[in-house]
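One chain, chain A, links the two complexes that follow: it is found with chain B in the first and with chain C in the second.
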Partner chain A sequence: MAELAVPAQPKLLIPRQVMLWVMATSAFAILPHLTRMPVLLAVGLIAVIAWRISHIYRNPHWVLRTITVLCAVFIVFWLHGGLWGRLPGSQLLCCMLILKSLELNRPRDAMLMVSLSFFVVATWFLFSQSPLTFIYLVAGTWLGLTTMIVINRGNCKRKEVRTMFVQGARLALPAIPLAVALFFLFPRLSVPLWGIQGGELEGVTGLSSTMSPGDISNLFIDDGPAFRVTFDGPQPTQSELYWRGPVLTRFDGRRWTQSIYSSVPTRVKPDRDDADISYEIELEPHRRQWLFALDYPAVYPSESRLGLDYQLRSVRPVSSVKRYRISSDTDFRDNKMPNSTLLNEALRLPDGTGSRARQLVAEWQAEDDSHQAIIQTALRYFRDNPFFYRLDSLPLLNDPIDEFLFDSRAGYCEHYASAFTFLMRAAGIPARVVTGYQGGYDNGEYFLVRQSDAHAWAEVWLGDERGWTRVDPTSWVAPDRVQQGSRAVVDVPNWLHAPWLVDMRNQIDKVRHWWNKNIVSFNANRQSRLLQPWGIERIDQRQLLLLLVVLSVIISLLIFWWYRRADHVRHHDPVVHAYHKLIRRLQRAGISTPIYAGPQTVMRKVVAYCPVIQQQVEQLFTLYIQHRYANGISGHNQRVLVRGLNAFKLPKRS
Partner chain B sequence: MHSEPQSKVSSIASNAPAQTTPPAVPQQLLNELGQAIAQVNRIVLGHPDAIRLAFCSLLAGGHALVEDLPGVGKTTLANALACTLGLEFRRIQFTSDLLPADVVGVSVYSQTNERFAFQPGPIFSQIVLADEINRAPPRTQSALLEAMAEEHVTVDGQQRQLPSPFFVIATQNPVDLAGTWLLPDSQLDRFLLKITLGYPSAQAERLLLEQPDRQSFLGSAQAILDTAKLQTLMEHVTQIHASSALLDYIQALLTATRQHAQINVGLSPRAGLALLRASRAHALLNHRQHVLPEDVQAVFVALAGHRLKIIEQQSEQTPDPAVIAQDILHATAVP
Partner chain C sequence: MQHSAQSRFSPFNWLVRQPRFQRWLQHRGPLAPPFTIAYRQVYILPTRFGVTFAVLLTAMLLGALNYNNNAALLLAFLLATAAQLSTFRTWRNLSGLDVGTVHAQPVFAGEPAVFRLNIYERQGFERPILELDSVHADAQNTGARLTLAAGQSGMLEMPVATSRRGWLECPRLRLSTIYPLGLFKAWSWVYPQQRCLVYPQPLDNAPALPRPSVGDGKRNLQPEPDADFAGLRDYRQGDHLKDIAWKATARMNKLISREEPPTAYSELQFKLSQTGSQDIEHGLRVLTTWVLLAEQRSLKYGLSLTGVEVEPDNGPAHLNQCLRTLALWQN
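And now, the complex of A and B:
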């Protein structure tokens, strides 16, 4: 047989398909970040990806590349006012990952990009810890590993994509036990990481600290969860569930804002013994400080304060899922006015607006001047005139109060609450707007309150005896809203509320609930009680670390054994093992034995290298061929052969 | 390739475990086979590898496709094989107006017997040289290739058995492609091996020039083997031992062809069987009762070269399949 030629040099450039894999991996890594990125940056990154895919192997000039990178750094700096922090940091990382593709030519660049992609994928955890994020992280890791296999292989045909993914999964699977051990045992900090808990006001939907027409009706479209409630005892009826949020006192004719006094802590609190209802709330992060509770909280978490308007505020903005327990006293009366400032504020009306409304109130006052009568007349006014409860009301332009009360007469809860409060103030009754959520959905073991349950109502001051009293004008216009929930009153596209879809959303929320309860809330405290089922009350961080090391070593050994097993099956024949060792010795001695050389070829090479030992070599190799390729040799001869192969030495060349 | 030093291992091999040992080929027969190869080598100078592959193909019961320029000895090779093996030989020159009937034969009305009588075509012969097969239209090519696959032809609804052994050597000229029909891939698969001759070495060419005409050599060539002996040898080829380690190696090669970046369609399982068959024949040619990886390597390029579908490159020249087959050999480890 002719001598086989030296193998060709490996290809220096990565093929197009490998490049597409790498680009797909990087694009997947920055995908969630794109949703938080300024449009300018996002469009730029997408443009770079598109350019790279359409111009394979053609790199921009290095000057241009440098300018692009500097531009990206500048844009991030300019948009965020710095490069330090979670948001600018992750976005800078995204930029660097994508801009690296401008010089993506060789396997080295590809490997670098995939490694960086793993990191970028993981940074999303800083922003969200939902089950979806977890799935995304697993998918990103899987895709990255698969791409690494494709890079090393140098190609991947369309029909092999499946096989590649299976191989990637096989690589990732043994890491799962290690990941689980790290999750449970890696010592956790009892305080959040510095910088993570920051109060960055990013695009999170939810109530805001102000209210203008249309704010809450926009929330109605949002089906996302606001919080979940688990009641200890029997559940109150739907119409009792007024979840108190921001209380708005100041009004400028269009916009309601909070009073500066509202954050002053109240000294008069319901007594904890009077509390008649207890529940646990699992609040989705909204990056504001307020917490939600039923009126009026008697027992509330220690890291929160109750304001003068009985709004519950957390010390820190809620930037991750927060679980807290509340006990409320539903019979408590907020009738202790510390000073007249708040009352005066609750009477103040902006000048030059609502002249027709004031006139209307004057007519009512002419009939009966008592507060009770005015309130009843106002509510009847809403009931008896053609007012409509709808989302798609016309925008109110110049004088929102008058336009709503006399012209459009169609609006959502905030229009009614706002108009009602205005009328009350015009009549000299102190009144304010309370925003929050109303109702909830009974999702089996817990109550689900969605963003779409956001609501606004009014509170009026009825003297020192009755104090602040809740009046919900919406319930006079659309009683179903309060009795059956927000879904009952507004027409939305049918397909969005098909029973199966609603059911699916509720099921998905159960998964989120489980996730929040068991995974996200697994904190340092719960970690220390990890071994309770086995009788160990508390475990300190040093013991945890020790346990982690021991377990990791055991798991690593198991994984190692698992990988070796496949090898072992291949090499369990001691003859083959000894032969391969001999081949390696021959290679070290300078005899070229490429992987494709068969035993006869190797034999002839050894004989040519050292003709003196021809007989010994031929005997050894013939026996090996006999064992491996002919009809086999006896067990005794196999042992002889193994000894012979192991003892074989090349004599020194003279 | 040398034959094994049988004597040295005899002492050890004698106490081999009880395993099915293939019946040894009679030494007499092996010697005669050696003489036959030597005689063909004397007639066709300077192509020992090609001749070895031709014998390989013959013993494995496959057909050979010889692809080379005119005048390098394709016809001489076919002639020499036929003479030496003592087989009946016919040559068909394929042209663009050749019809299937010209190959398989035709029924002619006989006045004397007052009925149709079948006139067998040139295909009814033990060795058939199909010269310039790509010049004939696809219809005629198919007639020949079907006969090769099934070893019989059907004329006028009647099946007629072809002689045995039946060995086709087809030739085609790879350069002058004007007015030719390329063989489709499915039909290329009918050829066990594709053999290229190339120019002889300077030494062999000198000898060729010095010696008298090849025809005189052909005339004086003796039939060393005959049909019966050849069939015995072919029978023995099927019994050559292929160990599981060797089958591993063949499988690794097949997988490598399917995964190679530049190959569109790799080797089929049928091609895998053909590879094993050709390797067995090669082992027999080397007087061995078992197949070695070296046997597989010796026939692999000739076997895979015409079966691999290479992905067409837009920018660069499409690489030669034989070179890629060689690459695959280099990249695949012997277990």
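And now, the complex of A and C:
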């Protein structure tokens, strides 16, 4: 039974199986990062992993290793134009992790790689915190901890893989309740310790601060959520849901951009008493400053500003899920024009474009010069001529306005908004383009607004009386767009409309919503209101810490109790277990045997102590010796033996 | 003759050597085997890697807190909690182990003395990666690891370098484990009251064996140098070339070897003075070599040292007695 220690020279290479475990862990860690990596880098990293697995015991020469590392740094630098920032930083970390495997020899290297893998997993959360990443988090932790166990054991036979995973789970599972307690109770920072950089726009889909033909139609294929809305009172109808986003005033003939005055705070605001709709918005991070609201926000979060163009902007870029409450006054008229510069800007047209359009407007003006009449004529022009609302319109090359109005006559909302605004300005009516979202899907609990609901419309200034007024030319071309949502008007493959698929997508979004609401957007503010359901209005950080300590102690005690119980239950050989219990009973009765004593010595001692029961003792011990040291005994006899050992009692000495 | 216990310097080693610390340790339970490791006798501290890991986790935690990145925060908490809970596993890996006796076979100076510690698993669960080490300067920590299955027993070795003859006290041992994550090291002190006998180191180029004593006149049976057939026998495989009696071989037409004179007739009584060495330790090394040579040739040999007399004899027991005398003899 005796085992001799296996000599393990620390300088020896770690065995092949251990190396495979480490490689699997690091490959799993970089897996989601690969999807965001330039192809060159991704292929390179996969090649390095493949090479290492096929050349387990051969390190490349150190010169080659150095060159590889420098190449990786250079490639990242070249692809991103720098090494700082979320994307280059995380990709550099991935490279370092995988390139470390080229000198993966000793347990130390292996442990370092596993720790780095945890870090790589953490950096992924800078890009996404969706419920799916939670699975990645848990699986990564489990795999990493298991690999650490394997590294320390120094080997792992093929049949032991399952056991290793079970051991890893035994470490990770009890950690979950404690980690959750820490998550909710560990004091959060209400003010960041160091600056948060904004303006990192890689890979985020959504509206942008400019609009060219084709920008918004590109968003149509994006099924991802933009934001979710929960109304306090009655919900407005679908056609009233114009979610105001970036307001675009400047036009260069092709591209619409924001006015530089748009960030100037407005002094004329709707009165909060006039607000007739209240709602809460859960905004998915878009790394821009703007927030979405219905016209016109009267009550809005304190860390945001309302600009001259009534666009709501957050002070900081929205880099994580943001929840905010808004009350809007739908009847508000921004009729006071504080700045004529803004009006002038809303009249400016680039030279040399849209000459046919200007001519058309001149014809209309000759008939009726009033602003109302021009607007009606323009809208009728869209309705009566064969205009089509289509995603796949022809590219507009030289003069987008004229080509759209007179040649292609097919386009998406941005084409109509752009052309209409142009026509208005040509007629001397101040006009601008507003982008945002229109509509939303009511899934019973909340309104889901997807990226595909992105929309663009126009606003015209109708004098001091009526101020800026929304005009949506798209609704004249395709009324369904506004009444039923973006999907109603464009042909999409049938299977995308299959009811079960739509239903599933909505169910999935409910999970995302729950996740965002309770996990992702949990912060210092929410933490202080943690005990509200139990009637405690606010809880300060000292109380939080106290609660945390108390809860941790309780959970830890439960875990220890569970561990110890598991130890007692899990005995590999019930016969041995019963035998050792007997030895302990004998010790208490005064028959102490040295720990190295075998069963025969124990037997002789017992017989010497109490000769009366010699026969019984010998029978038991012979059976035990046969089970442990000879050929073994049948399963039935084992059970008999266990019963006999458990029932054994020393008679009272007279 | 005791070896001075010098240790590599470290704050930990310094603390371990403090008498007050030692008294405190003794207070917490038996340290001399055999004993069962009680829960109070298991000590635990983070390993160097554990500290690195903690720094890494702190960085992750601070970053996550600063950016209020809740997924990263959850990961950091999960890892920190798992690491913290692993201390319990590490502790449990030692607690309740039965530490048996320590044994060591005598060795010649220069060879490592190997102290063997028996451990027994009686609690009914696996004890992976147990390790034995020592902070003693001469201890050669092998890094050997032992995994005990439930109910199994095993042995761990601690080789200690030897340089001088005499008794070598077993250094204070540490039975340790870093299972499961390698972030924490739990250990138990084992202070075996066991020593190992170290014989003097034999010499490679010792002077030849002295001639048997003839002074007592009882026996003078040196074979005549030119007696042709005295001590001749048939060649046996393994005989050295120079032992072959070529003359006799030529005459008998088969290979004949010359044999050492029959040993029963010569008795050797080794004295320090015979070694011709001024240095006593060197002299003892010569005597050790002679004793071994004489035993190899099945001669009868004895020792005459100041205060100790070993009558001539041979055989393993006699050899051990002679070597023990040489190891422990004090001038």
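Some notes on this structure:
Methods note: the second predicted complex is superposed on the first by the 441 of 654 C-alpha atoms of A that agree within 3 Å, B and C clash if a C-alpha of one lies under 4 Å from a C-alpha of the other, contacts with A are read in each partner's own complex, and residues count from 1 in each chain.
Please note the rule applied: a contact is a pair of C-beta atoms (placed from the backbone, for glycine too) under 8 Å apart; a residue touches a chain by one contact, two chains touch by 3 or more.
All of these numbers come straight from a predicted model, not from anything done at the bench.
In the superposition on chain A, contact of A:178 is made with chain C only, not with chain B. Here chain B and chain C are compared by how many residues of chain A each touches, and C touches more. Residue contacts after overlaying the shared chain place A:632 against chain B, while chain C stays out of touching range.
When both complexes are overlaid on chain A, the residue A:141 reaches chain C alone and has no touch with chain B.
Applying the stated contact rule after C-alpha superposition, one finds that A:594 touches each of chain B and chain C.
When both complexes are overlaid on chain A, the residue A:619 reaches chain B alone and has no touch with chain C.
After overlaying the two complexes on the shared chain, residue contacts for A:154 are found with chain B and with chain C alike. Legend: residue contacts after superposition of the two complexes on their common chain; A:15 is shown touching chain B, with no touch to chain C. Shared interface residues of chain A, touching chain B in one complex and chain C in the other, are 1-2, 4-5, 7-8, 153-154, 576, 594-596.
On chain A, the positions that touch chain C within their shared complex are 1-10, 107-108, 111, 115, 118-119, 121-122, 125-126, 129, 133-134, 137-138, 140-141, 145, 148-149, 151-154, 167, 171-172, 174-176, 178-179, 182-183, 186, 188-189, 192-194, 196, 319-320, 519-524, 559-560, 563, 567-568, 570-573, 576-577, 580, 594-596. Looking at the complex, you find that chain A touches chain B at residues 1-2, 4-5, 7-8, 15, 153-155, 160, 576, 594-601, 615, 618-619, 622-623, 625-626, 628-637. Residue ranges on chain B touching chain A, taken from their complex, read 1, 4-5, 8-9, 12-13, 15-17, 19-22, 49, 241, 243, 245-246, 259, 261, 289-294, 297-298, 326-327, 329-335.
Put simply, chain C touches chain A in their complex at residues 34, 36, 49, 52-53, 56, 60, 62-82, 84-86, 88-89, 92, 98, 100-101, 118, 120, 122-125, 128-130, 132, 142-157, 178-182.
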